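Paired with chain B in one complex and with chain C in the other, chain A is shared by the two complexes that follow.
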Partner chain A sequence: MSLVSGPGRGGMTDLPEELRLFVDKHVSYIQSLDTRKDELEYWLTEHLRLNGLYWGLTALHLLGHPDALPRHEVVDFVLSCMHESGGFGAAPGHDAHMLYTVSGVQILATLDAFDDLEARVKSGRQRIGQYIADLQDPESGTFAGDEWQEKDTRFLYGALNALSLLGLLHLVNVDKAVEHVQSCANFDGGYGTSPGAESHAGQVFTCLGALTITGRLDLVDKDKLGAWLSERQLKNGGLNGRPEKKEDVCYSWWVLSSLAMLNKVHWIDGKKLASFILHCQDPELGGFADRPGDMVDVFHTVFGIAGLSLLKFPGLAEVDPVYCMPRVVTKRCLGQ
Partner chain B sequence: MASHGITRVADSTVRSVESRQRELQQIAAYKDLVDIVNTKVAERWYTIEVLALVTKLLNENPEYYTIWNHRRRILGSLLSESLSGAPDSQKQKQPAEDLINSDLQLTFGLLRKFPKCYWIWNHRHWILQKAESLLDVTTARRLWLGELQLVSKMLHSDSRNFHAWNYRRFVVTQLERIPVSATPLPDATPSKQSLAESEFEYTTKMIKTNLSNFSAWHNRSRLIPRLLDEREADIATRRKMLDDELALICTAVNTDPFDQSIWYYHQFLMSTLSPDCPRQSRLALDLSNQDRQRYYEHEMEYIREILEDEEDCKWIYEALLHCASSYLDIDGGTKTFTTVDMRSWLDALKRLDPLRKGRWDELSRSLNL
Partner chain C sequence: MPKYYHDDPRWADIDALPQDDGGPYPLAAIAYTDEYSEAMSYLRAVMARNEMSERVLELTEHIIDMNPAHYTVWLYRAKVLSATNSDLSREIAWLNPTALRHLKNYQIWHHRQTIIDKLDSHVGEADFIATMLEQDAKNYHVWSYRQWLVKRFALFPGKGGADGEWDGEKELKWTEGMIEADVRNNSAWNHRWFVVLGGREGETVSDDFIKREIDYAQAAIRKAPQNQSSWNYLRGIVRHAKLPVSALKDFALEFATLESSDQVHSCHALDLLAEIYAAEENTWDEAAKAFELLATKYDPVRAQYWKYRQGLLRQGGVVA
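Now for the complex of A and B:
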């Protein structure tokens, strides 16, 4: 799966009056990504390959084309990224890291492939769970990304996301993790990367996600945070990530999913947001860009489509706002 | 990450034969470099020569996190060789300080080009912690002080870069942790120094340059309560600080009432007045409900004055409603405003801010308006 930008450019032709989602174009765009080995960008983005596969696969499932990528090839690739330690790297030969381990687990969950994992890697689930659990800092409750100890609420969320899908949350100190999330809260109701850091929509998503997974939304000042999140919507309908910043399609996900976790999607104008997202797609070559007229890529493609799914755009499968995965998948994994 | 804000200039599917050929050559050269680095590291060739190849590769692709890990593996080995007395005729030794300095240079250059790349910030963090564990206190302190300058440069080019702000807070924590001097100081001189005062001044400077810098306002909201504690401020000094900050933000509101950053700081100050505000976030510690009432009245009066010139500014109505509900929370009554006023502010919000209609409808229900 390549993360190479383009070839398309978002919103370059005038869309018909009634805004449409170009499903088939997006499907072929995602299918074409791994064929671009003659572009330098393909090689320069190898460190995102497993994330890219998760983004592409999730987009395809939401678009109603779950079989558009060959299942066995995807499973083979995912397992080829797994290390002895139980962690996953971005691609074969890349070091293990939380970010890719989470993507690996999400892909296996989406493909209902935990049994394939067990069949091919002895105690596979347990090993992945242990790799993640060992990255928790017993002092603060937060998580490191890998052995080099960078810490961030992104990794804490990722850990809880993957462990809950694997049914292994008991391997970590959940209360300590929740305490850490609490320590990242700010007066505006939002959360930062670490205690003292400025509220940021991406971090709000990770912290709210962590609190939802652990059943601790009671700790959130919902009105205050909902208000802050709703102010991310700008006149053109798009959402930004912090006060006085520009809109970007990826925040259609970070902000909207957070509002969904708070049951406050109706606090912004969904119609205007949907129209903004749709203006960022390339109607000819497929894919979504951050803003109309920019290069498309698979990262903005999945978050644009997932945002549309939260807005109940017709024809899309329901997305889980906590996991950014099809709701049927998380229901199955979480036994709901 | 992915491509943010990159405008497409030409269709890359239509490339000339020459440019295709050139790209294929670039790919081959890049893959060769990747292969050689990975092979050497797998064979544990932790040498200056391999380090140079790693540098070359990172300059081509600073997002390749595994290569940063390789760099740390090599440096870990070179640094311990450099500090061990054992002679090793096979290898050329480099002084630890040189190795550290060259990594600081490398990451500085890369950060200027890729200011939002997590892995570069992370490596800089690592090399400095390594330096501190290997060098004497004075040198380590000098290095961390240099970091404050670096981060000021980064914030000069992008005053909202949240990586840089995070790094700034981290550097400050390090400087506050390391003793000021390696030798014991005369009695009563603290060996560690808080930077809360100078950091507070820094936020003032940043805000004066650009009122819309919420990152600076945010940091200020974090620094002030700490500053007051460290000053061991008495009741009057604390009140004065609160009044000064309110005066500052009111001037800012008057300058640009449409700027969110300013209103959020105003919200912060107002939140510190609440009886529910935790001790560690408060400015004034001795507020009675009467005092609170006076503050709310004063704010509402001031904001209503601005309203006269800026009838279409939704933030004004929001702030008025905020103040009004805080006022009602402490049973202030409706001496300075009526429910009719509150209803008219809410109506203005619905009219001026249709995007958030759902929120205003819910607010009207919760306020019984």
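Now for the complex of A and C:
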């Protein structure tokens, strides 16, 4: 899955009055991504390959085209990124890191391929779980991304996301992790990457996601955080990630999914947001951009579509706001 | 000028390891792609034999210049730096322009942090940060890094820094300068909170101290009454000091009254007034009116939120 931007641009063609979602265009856009190996950007974005595959696959599932990528080849590729340690790299030959390990688990979960994993890698699930568990800092409860020891609430959320899908949450100290999330809460009601760091919608998503997975939303001041999140909507309907920043389609996901976890999606103007997101798609070549006029890419494509799914846009599969995966998949994995 | 290794005698002992991507696609379509893929094939080869040497530092430098987001390269470079006992101030000198060229890159900050930690000196870092913030005054990585420096070198006001060049008082002054340059810079407000309160958890602060921060935030609000950041800060301080929100009533009335809806200059002030009115049962009508104005006139995008808060009045509840 390539992360090459373009070829299309969002919102350059006049959209018809009645806004629609160009499902077939987006499907063929995602299918075409891996055929662009003659472009430099394909190679320069190799460090995101596994994430890109998760983004593309999730978008296809939400669009109702789960079989648009060949399952066997996808599973082969994912497993070729797996290390002895149980961690995954972005692509074969890349070091293992939490972010790719989470994408690897999410892809396998989406394809219902945990059995394929066990058949091909001895104790595969357990090994992945142990790799993740070993990245927890026993003192602070947070998680590092890899042996380089960078720490960020993104990694903490990713760890709980993957472990819960694997049914292995018991491998880590959940209470300590929750304590750490608490310590990242700020005076304005939001959360940052680490204690004291500025509130940011992306980090709010990771912290709320972690608290939802661990069943500790009782620790959140829901009205205050909901107010901060709903303040992210701008007059043009788009959402920003911090006060006084520009709107961007990816925040349609991070802000809206957070509001969904708090049961407060209705606190913003959903119609205006849906219209903003639809204006960011390229109706001819497919894909979504961060805002109208910019190049499309698969990252903004999945978050635009997932945002529309949370807004109950007709024709889309239901997305799980905690995992950014199809709800049928998380239900199956979590035994709900 | 592209740089190649196959005709460089210093690399003659290395058999490059081209990528086996399993596909029939030629990599030679673009000259620049050639350069990148060749450098990567030499990196694979040196990593395979775990070579830690000066020339590997040069090779990783070359690759990072082309693609700074390839984090395996950073990780390997950090290992080589440590194994070869390299001069770390030279590494910082190289990192400065590299960071400027790649403003959105993540890896560079963690790398810098580990180097500065080992060097045990922040000399030059304030200047470097100033240059970075000139490019983007809200760069999240830069502000997070600054927080790390403040903590690492104890640059909190009243605590005495490691040396006179940069200490807590100077840090507070610098933060003021950043807010003055753009009173809507939320990152700068967050940093002020960190320097003043956030980084010193558990310590009690004096009344004078609280008063100074309230005055500071109020002066900033008078400059830009519709600014979320300064209002958030003001309310955060008041809550931190456990003062009743009604202490801010006169201040809020400077920007909004219910008597004439044309005199609302800040929906944050109106929001605050609504909260003050909602706290006392005998002013619930005023609170309801304020919520109504917010939902219909001043902030209709969030109409449902304001209606929710209005609805809490009927239930006798109050949103803090």
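Keep this in mind: the second predicted complex is superposed on the first by the 336 of 336 C-alpha atoms of A that agree within 3 Å, B and C clash if a C-alpha of one lies under 4 Å from a C-alpha of the other, contacts with A are read in each partner's own complex, and residues count from 1 in each chain.
In the analysis below, a residue touches a chain if its C-beta (ideal position, glycine included) is under 8 Å from a C-beta of that chain, and two chains touch if they have at least 3 such contacts.
Computed from a prediction, not measured in an experiment: that's the story for all the values here.
When both complexes are overlaid on chain A, chain B and chain C end up clashing with each other. In the superposed model, A:T330 lies in contact with neither chain B nor chain C. When the two complexes are overlaid on their common chain A, residue A:G6 makes contact with chain B while staying clear of chain C. Look at A:G293: by the touch rule set out above, it reaches chain B but stays clear of chain C.
Judged by the touch definition given at the top, the superposed model places A:S252 against neither chain B nor chain C. More residues of chain A lie in contact with B than with the other chain of the pair chain B and chain C.
Using the contact criterion defined above for the overlaid structures, shared-chain residue A:H266 touches chain B and also reaches chain C.
By the touch criterion defined above, A:E198 reaches both chain B and chain C. Taken together, the two structures place residues 38-40, 43-48, 89, 93-95, 97, 146, 148, 150, 186-188, 192-194, 196-200, 226-227, 230-231, 233, 235, 242-245, 264, 266-269, 272 of chain A in contact with chain B in one case and with chain C in the other. For chain C in complex with chain A, the touching residues are 19-21, 23, 25-27, 29-30, 32-33, 36-37, 40, 44, 66-67, 69-72, 74-75, 78, 110, 114, 138, 140, 143-144, 147, 184-187, 190-191, 193-194, 197-199, 228-229, 232-233, 236, 239-240, 301-305, 308-309, 319-320.
If you check the complex, the residues on chain B that touch chain A are 1-8, 11-13, 20, 23-24, 26-27, 30-31, 34, 38, 60-61, 63-66, 69, 72, 118, 122, 125-126, 160, 162, 165-166, 169, 212, 214-215, 218-219, 221-222, 259-261, 264, 267-268, 271, 281, 354-359, 362. Partner chain B is touched in their complex by these residues of chain A: 3, 5-7, 9, 38-40, 43-48, 89-90, 93-95, 97, 146, 148, 150, 186-188, 192-194, 196-200, 226-227, 230-231, 233, 235, 237, 242-246, 248, 250, 264, 266-269, 272, 289-291, 293-295, 297-300. Interface residues of chain A, counted against chain C in their complex, comprise 37-40, 43-48, 89, 92-95, 97, 146-148, 150, 186-188, 192-200, 221, 223-224, 226-227, 230-231, 233, 235, 242-245, 264, 266-269, 272.
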